[in-house]
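Listed below are the structures to be examined.
Consider the two complexes below, in which subunit A is the common component and subunit B and subunit C are the respective partners.
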Partner chain A sequence: MNTAELLFAGVRWWLTIGAGVAAVFLTIGIDRIDEDARGAYVFRPLLLPGVMLIWPLVLWRWLRIETGAGDEQARYVPPRATHKTVAVLMAAGILAAVVLGLINRPQWPADFVPQQISGPGE
Partner chain B sequence: MSVKYIPVQWNRFKWYYDAAMLAGVAAFLWLFIHIAPGLLSHERPINPQVHNARAFGACAFVMLSIILASGPLARLDRRFLPLVYNRRHFGVLTAFVAVTHAGYIIDWYFAFSKSNKYEALLFANTSYGQIAGFPFEIFGVFALICLLILATTSHDFWLKFLTAPVWKRLHYLIYAAYVSVVAHVSWGILQDQRNHTFTAIFLASAGVVAGLHLLAAFKESRDADPVADAHGDWVAVCRADEIEEGFAKIAQLGDGERVAVFKQDGLLSAISNACAHQNGPLGEGRVVACFVTCPWHGFQYDVRTGRSPAPFTEKIPTYNLTVKDGVVLVDPKANPPGTPVDPVNPEGV
Partner chain C sequence: MDKKPFFVGYLPIPEGLRAFLISLTVSLVVFMAFVGITIGATQDDPGNGAFRFDWRQQTVTGVIEFVPYPILRVTEGNERIPAGHTLMLTGQGKSTIRTRVQPMAGDLVALTGVILKRGELDMMQVAGGNRGLKKVDGPAPDLPAPEPLGRWKLAGEICDGKCLAGAMRPGRGLAHKACANLCLIGDIPPVFVSSQPVEGSEFLMVAGPDGTRLPDRAYDLVGAFVQLEGDLERRGDLLILRMDGDTMELMQ
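Here is the complex of A and B:
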């Protein structure tokens, strides 16, 4: 099995486990932890791909809510201070990507004339 | 705002927003494919599949640039707030456009691979140890995964379930996705670009996004809300006469928590500055008939109770407050969300 096959096997396992988590969460769990979801079924298929992608986060939050872990106040503390760090990192990343990409552009001879070195089919 | 979840919440403004967005995407693709081949260095013959792939790729980049520019623009000038209002629909459509770009690429370049075409995408170029000729495809794959995570976790359920701070941290992935898209373009199409019109448009877009975010971040640092001074077990927010009727003064309480003290009918009330929906800055909203409206998405709260008007169920913490010698003092220990607090007369009567 090459690296690419190994990666895709990992992706398939990730999504299969995610589908299992989604099946339980979207039929049983969601009704237990969110009163706005009770009696509302049409929107649930929209959540399926999200649960499949971030199922560890879903399990963590589900556990926190079920066990009544006290994060009610943390709900109202936005990560506003993080934006400055993220903005600086993004600007630096954009600059690095553009500069490194452009200075490594291949330079072709402007007056290069192609020559046929063998006949068709040879 | 909703009582029971529904698949997609639309209102008249969102219909207009989505209609304008779809029209913009259709116009961009039509222009790219039919009008601008010469301008974008497509004078050399390319087949329709590659042309479509480039059109959708360029469209996804422009859409991502607009999404990322709208946030800091709204922080710098409130007239851009309507752009932020329905940004999640914009993000979902961007993910669809990016998936279409990837579909055209994979179905053209890897369709006849002897192995699985998705695996072929990964091992077609494995020069990860060098800068020149680095496999730019991997940047696109990473950005696409980020966009899919963002699009599939955009429903309001996720905001309530994950909590707004966790949801926002997850959605910071858009910054990593954008850098990755810039690298994808720099190491990809720009390597073979002869006509520099596209290069100039690309560099200008990325520069504007980076510049706006830096400007907004430094403006936020410069104009930061004041930190409330400790007065025994209470903290001083401001002088009572500094608060305009219908508006608020905001103060930091430490650990990123902020309180907004409003004046309504001459009386003072204190609530959390963070909206329960996406933690929008409630203190920048205006009070009308006891209800403050969040400037980001229009959620409303009674400033005396921290509760949304029935039948909506959103709640935010309230704070006890008092006025001494004309100074507004707030108890930094927040009340549980939705706890009513009697408004306080700033004259102390």
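Here is the complex of A and C:
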């Protein structure tokens, strides 16, 4: 199996497991940890792609809430103090990525002349 | 109380913020236009490859061969695809047509599908069902044997033949690497774009040695500019490069 196939297989496994987690969470788990979701079903398919992507986080949050281990209130305190720094860093990062990408662009080997190493049957 | 102006989307703009907002808006529009034009201008020409839907579906008769990717040696063509031409074949999307045509290897068949064309490079996306693939009565005609052209050292890029021929724009380069690898995993025929024409052709179908598929090592360097060696042969008007994976090097 080459690297590309390995990556592809990894993504497929990740999403397959995510689909399993989503099936359980959206039918059982969400009712147990979010009283506002009880009796509401139409929105649940909308969560499917997101849960498939971040299923480890979903499982971890589910466990924390079920066991009462997390500080739920703290989760809703907006981390505004870091917004400005993060925004500047993200903008600078995007700019740096574009500039570095343009600087390091490989050059098409237009000058390379195809060379015949040996003739037919040699 | 602090009289600092505060922007609220559904209220009139505070006087103290009007000039700032207008200048920021204009600056952003100008900046984004500049960035867009700059990035666009630095990109390579994606080429003229495209699905030729304007030709509608084409039907040609020929003999299926595997090299090991499926090709059709056209024996009875039309005004756009002449007899003697060799067509690379693909299924819908990123899937091969291998399993459909495998039982008909060496047989005379009529294929119907949409043509993808980029210069001299072309490929047929065979239509689904019996409409796309029909066995033709009668024996397959004798075709010219593959013509060996010796061993060559080449520089260029390995791409997937379908995107390069026009399914995607751009259909090559690093930005297209992941898509190309998915196509190649789906068994779409790979194509090598040579730095300069080889035996009159800039595009060569590429495979592994001794009738094998593209070597695993090649997948890591798809979309990059590489140097490699391989044995060249001609089937109809299609050049096939049987690359030696051990000789493959990334060009700096």
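As a working rule, the second predicted complex is superposed on the first by the 92 of 122 C-alpha atoms of A that agree within 3 Å, B and C clash if a C-alpha of one lies under 4 Å from a C-alpha of the other, contacts with A are read in each partner's own complex, and residues count from 1 in each chain.
We take it that a contact is a pair of C-beta atoms (placed from the backbone, for glycine too) under 8 Å apart; a residue touches a chain by one contact, two chains touch by 3 or more.
Just so you know, these numbers come straight off a predicted model, no measurement behind them.
Novice: Using the superposition described at the top, determine whether subunit B or subunit C touches more residues of subunit A.
Specialist: B
Novice: Should A:I28 be classified as contacting the first partner (subunit B), the second (subunit C), both, or neither?
Specialist: Neither: A:I28 stays clear of subunit B and subunit C.
Novice: Kindly classify A:L57 by the partners it touches after superposition: subunit B alone (first), subunit C alone (second), both, or neither?
Specialist: In the superposition, A:L57 contacts subunit B only.
Novice: Check whether A:P106 is in contact with subunit B, with subunit C, with both or with neither, and answer first, second, both or neither.
Specialist: Touch status of A:P106: both partners.
Novice: Determine, under the contact definition given at the top, whether A:P49 touches first (subunit B), second (subunit C), both, or neither.
Specialist: A:P49 sits against subunit B, while subunit C stays out of touch.
Novice: Mind working out whether A:E72 is in touch with subunit B, subunit C, both or neither, as first, second, both or neither?
Specialist: first
Novice: Mind working out whether A:Q115 is in touch with subunit B, subunit C, both or neither, as first, second, both or neither?
Specialist: The answer is second: A:Q115 touches subunit C but not subunit B.
Novice: Taking the superposition as given, does A:D36 touch the first partner, subunit B, the second, subunit C, both, or neither?
Specialist: first
Novice: Show me the subunit A residues, by the header's touch rule, that subunit B contacts in one structure and subunit C contacts in the other.
Specialist: Residues 2-5, 8, 98, 102, 105-106, which sit in both footprints.
Novice: Taking the complex as given, what residues does subunit A use to touch subunit B?
Specialist: By the definition above, subunit A touches subunit B via 2-5, 7-8, 33-40, 42-43, 46-47, 49-50, 53-54, 57-58, 61, 65, 71-84, 86-91, 93-95, 97-98, 100-102, 104-106.
Novice: Can you name the residues of subunit C that touch subunit A in the complex?
Specialist: Subunit C residues touching subunit A: 35, 39, 42, 44, 147-156, 174, 181-182, 184-185, 194-198, 216-217, 219-220, 222, 224-225, 227, 229, 251-252.
Novice: Where on subunit B is subunit A touching in the complex?
Specialist: Touching subunit A: residues 2-7, 115-116, 118-120, 122-123, 131-133, 148-149, 152-153, 155, 157-158, 160-166, 168-170, 172, 175, 178-179, 182-183, 185-187, 190-191, 203, 206-207, 209-211, 213-214, 216-218, 220-221, 255-257, 272, 274, 276, 279, 313, 316-317, 334, 336-337 of subunit B.
Novice: Enumerate the contact residues on subunit A facing subunit C in the complex.
Specialist: Result: residues 1-5, 8, 98, 102, 105-122 of subunit A touch subunit C.
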